[in-house]
Amino acid sequence: MTNFRTFFTCLLLIAITMIGQPAQAAEKMTVLLDWFVNPDHAPLIIAREKGYFAAAGLDVELTAPADPNDPPKLVAAGKADIAVSYQPQLHVQVEAGLPLVRIGTLVATPLNSLVVLKDGPIKTIADLKGKKVGYSIGGFEDAVLGKMLEGAGLSLKDVTLINVNFSLSPSIISGQVDAVIGAFRNFELNQMDIVGKPGRAFYPEEQGVPSYDELILIANKARLNDSRLPRFLSAVEKATQYLVNHPQESWKLFASAYKDLDDELNKRAWAATLPRFALRPAALDKGRYERFAVFLKEQKLIKSIPALDTYAIELP
Amino acid sequence: MKLLRPAIILIGLLAIWQVVVSLSGAPPYILPGPWAVAQAWSQRPELFLHHGTITMAEILLGLIFGLGLGVTSALIMAYFRPARQWLMPVLVVSQAVPVFALAPVLVLWVGYGMASKVVMATLIIYFPVTAAFHDGLRRTEPGWLELARTMNGSRWAILRHVRIPAALPALGSGLRVATAVAPIGAIVGEWVGSSSGLGYLMLHANARMQIDVMFAALATLSLLAVTLYFSVDSAVRHAIKWQPDSHSNEP
Amino acid sequence: MNETTVTPPIPIGLSVRHARLAWHEQVLFDGLDLELKAGQWTCLLGPSGVGKSMLLRLILGLDGSQENSETINCSDGLQLNGRVAFMAQQDFLFPWLNVLDNVLLGSRIRNAVGNRDKAMQLLAATGLADVSEAMPDTLSGGMRQRAALARTLMEDRPVVLMDEPFSALDVISRIKLQELAAELLNCRTVLLVTHDPLEALRLGHSIHVMTGRPATLGAAIVPDKLPPRPVDDSGVLEHQGELLRQLAEAAP
């Protein structure tokens, strides 16, 4: 009788311990998003919801930052594994000495745009003369604006720049500024449409600014041999494929994972962003990055252009 | 000799800063050392002076309006009982609601110019000044009030000749507190949206990864705030010369 | 401390009838009657807490008592209001005004122009002519109370109520100030509240002892000779012993 009880108890204990442990411990990864969760992050969300990360043995934590300027700094300081950031900022950050390297692309087109009210007085870029333009990221957005104004025969001196610190839609909707630069065409435009004040966008890449990747994935230079990184990217690629093949189902997955984002704005933004995701997240177009670096140097945002492979690579 | 102590404190703080940077191994894009910050400042002093002047103007205007509004409100509340009952909750709310929450609304309403920053600074100053002065007006030494009443002073005369002078030390205290927090209002206003000022400069520098410039702007702001505080403190003490300072006999 | 050039007004008598005061359900006094003879000093003597200060404040109209059952009549039939000056135990000089401006406080409060010459005369009479420009915090306790006396005199009221005005001073200052007050307040109707039998005997034309709970006023004691009486006067010393005994017996 006693032997049976002891045996049974041991079996029970073993069973409990085994249930507690997964078959193979998943490795934790911290990924810092560039902003609050939104449809731009679709591949990452889908990769998590469809279990692609788990299948690659990764336990990925997606965190939205309190201050959007923090994620690159935290990755550079070794406090996070990957950050979602912007290609233009990467060039500037690298020049400031941050040990960051681009390892993948999330959104392969510019999203940035110059937005005015559709029914407003600004019909062409030349109409911006003497007007107020709101922006949010100091340095880059006014450089883009500068190039776009060049095409219309104006310069930055012909407009008043106001840093509106990410409240781009409210400032243009309320009429406090005449135009905003830095508004994402997939997001802010839909936002303005929904509140009944539709906007019109001028696209930088159509006005003389070389094309670039709006959202990229960056990692710390010293950790490039981390085996988790290629596995991460392949999960992101799988997720992007799923997005392209099953747009409706993927929206439903996103909406059920973030119930408070299941609204008209996000639905529209989702549809607008879908064609812009990098179909080959790990691939790097070297020429494109080099050309953009030249553009930044021309605009005096960076002083020198380092070798590309020191800050942007394709992982093997 | 009087300047020696603050100078030693300043040098001590700088030394601690440098030690923290060296020991923690913090990279310059997170925490630059004092030398790097000093260099950033000396490379473009006119930049900091320009933006510093703007922020200082916002703070000073905020102080003036906040002081004016606060003194007026306190007088009205002390003199008219219904005013006190209606204004007191407003006063408390003005203090309880965090400035960060009000700032975006205010900026959208008043615009991105200097006005919104001045309004923010005024709001932050309003409560300490009003509360302190009102308290002083209410807590007048009863012996003085009774003396004035036996001299047949009208309610207005008593307010003017007894309560107000007696409440000036309290107003002075409130003004000191207000001066210490005024820069917060101006900077928060600038962070929400601006095209100039030290807060704007900090945002701009941070976005461009020029952390040393950001810290230099912060240092400039600190210097301005400290100078302002000591100026106001000195002015208050001079204006209320009769207030016995229990430490006046110490070296 | 020479002759004062302030001519006193025509003295008026004061009679208080049916004074009643209750505080926190304790009746301090009820049905109290007090007579102040015109141009004379009446001293109200009693242990602390008996209610003598409260009676003074009742006459002054401070504390806004609800039950105005007492009647206060002046011998000339006019209102008391505006004809009484008050001197408290503390000088209550305003620290933001210099001595001269403090003496002129009454006219300042009434938004009238003050008579600076008269104020300077009073300051000279109280021995404060040299410190007229000084701030109160630079003066000693005795000097401050003298300034308060000058201020009271400046009011030039026929009735003066004083609530233990000299008890916070040291003995010598107290004696000197008692004599000064007696001289300068000559021919005014004064009610002096005090807990010191010696003071009452030195300064009072008549003295009432107030004792008990509820308090009652004893019959008027009228010592010989006119006040101010010297400290070593035999009558004063004799009565002092008697009064001290009375007060000690009355204490709970």
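Descriptive notes on the structure:
The letters A, B and C name the chains in turn, as written, and every chain counts its residues from 1.
We take it that contacts are C-beta pairs under 8 Å (C-beta built on N, C-alpha and C of every residue); 3 or more make two chains touch, one makes a residue touch a chain.
Fair warning: this is a prediction, and the values are worked out from it, not measured in the lab.
In this assembly, C is the chain whose CA centroid lies farthest from the centroid of chain A.
Closest to the middle of the protein, by Cα centroid, lies chain B. Ranked by C-beta contact pairs, the top interface belongs to chains A-B.
Rounded to a whole number, the gap between the C-alpha centres of chain A and chain B is 39 angstrom. Centre-to-centre separation of chain B and chain C, using mean CA positions: 49 Å. With each centre defined as the average position of its C-alpha atoms, the distance from chain A to chain C rounds to 86 Å. Shared contact sites, meaning residues of chain B that touch two or more other chains, are absent. For chain A, residues touching at least two other chains: there are none.
Touching chain B in their complex are the following residues of chain A: 69, 73, 76-77, 92-93, 95-98, 132, 134, 137-140, 160-165, 167, 170-171, 174, 176-177. The residues of chain B lying in touch with chain C in their complex are 141, 143-144, 146-153, 157-158, 161-162, 165-166, 168, 240, 242-244. The part of chain C that touches chain B in the complex is made up of residues 60, 62, 81-82, 84-86, 88, 90, 92, 94-96, 105-106, 108-111, 135, 137, 155. Remark: chain B residues 26-30, 104, 107-108, 111-112, 191-195, 200, 203-211 touch chain A in the complex.
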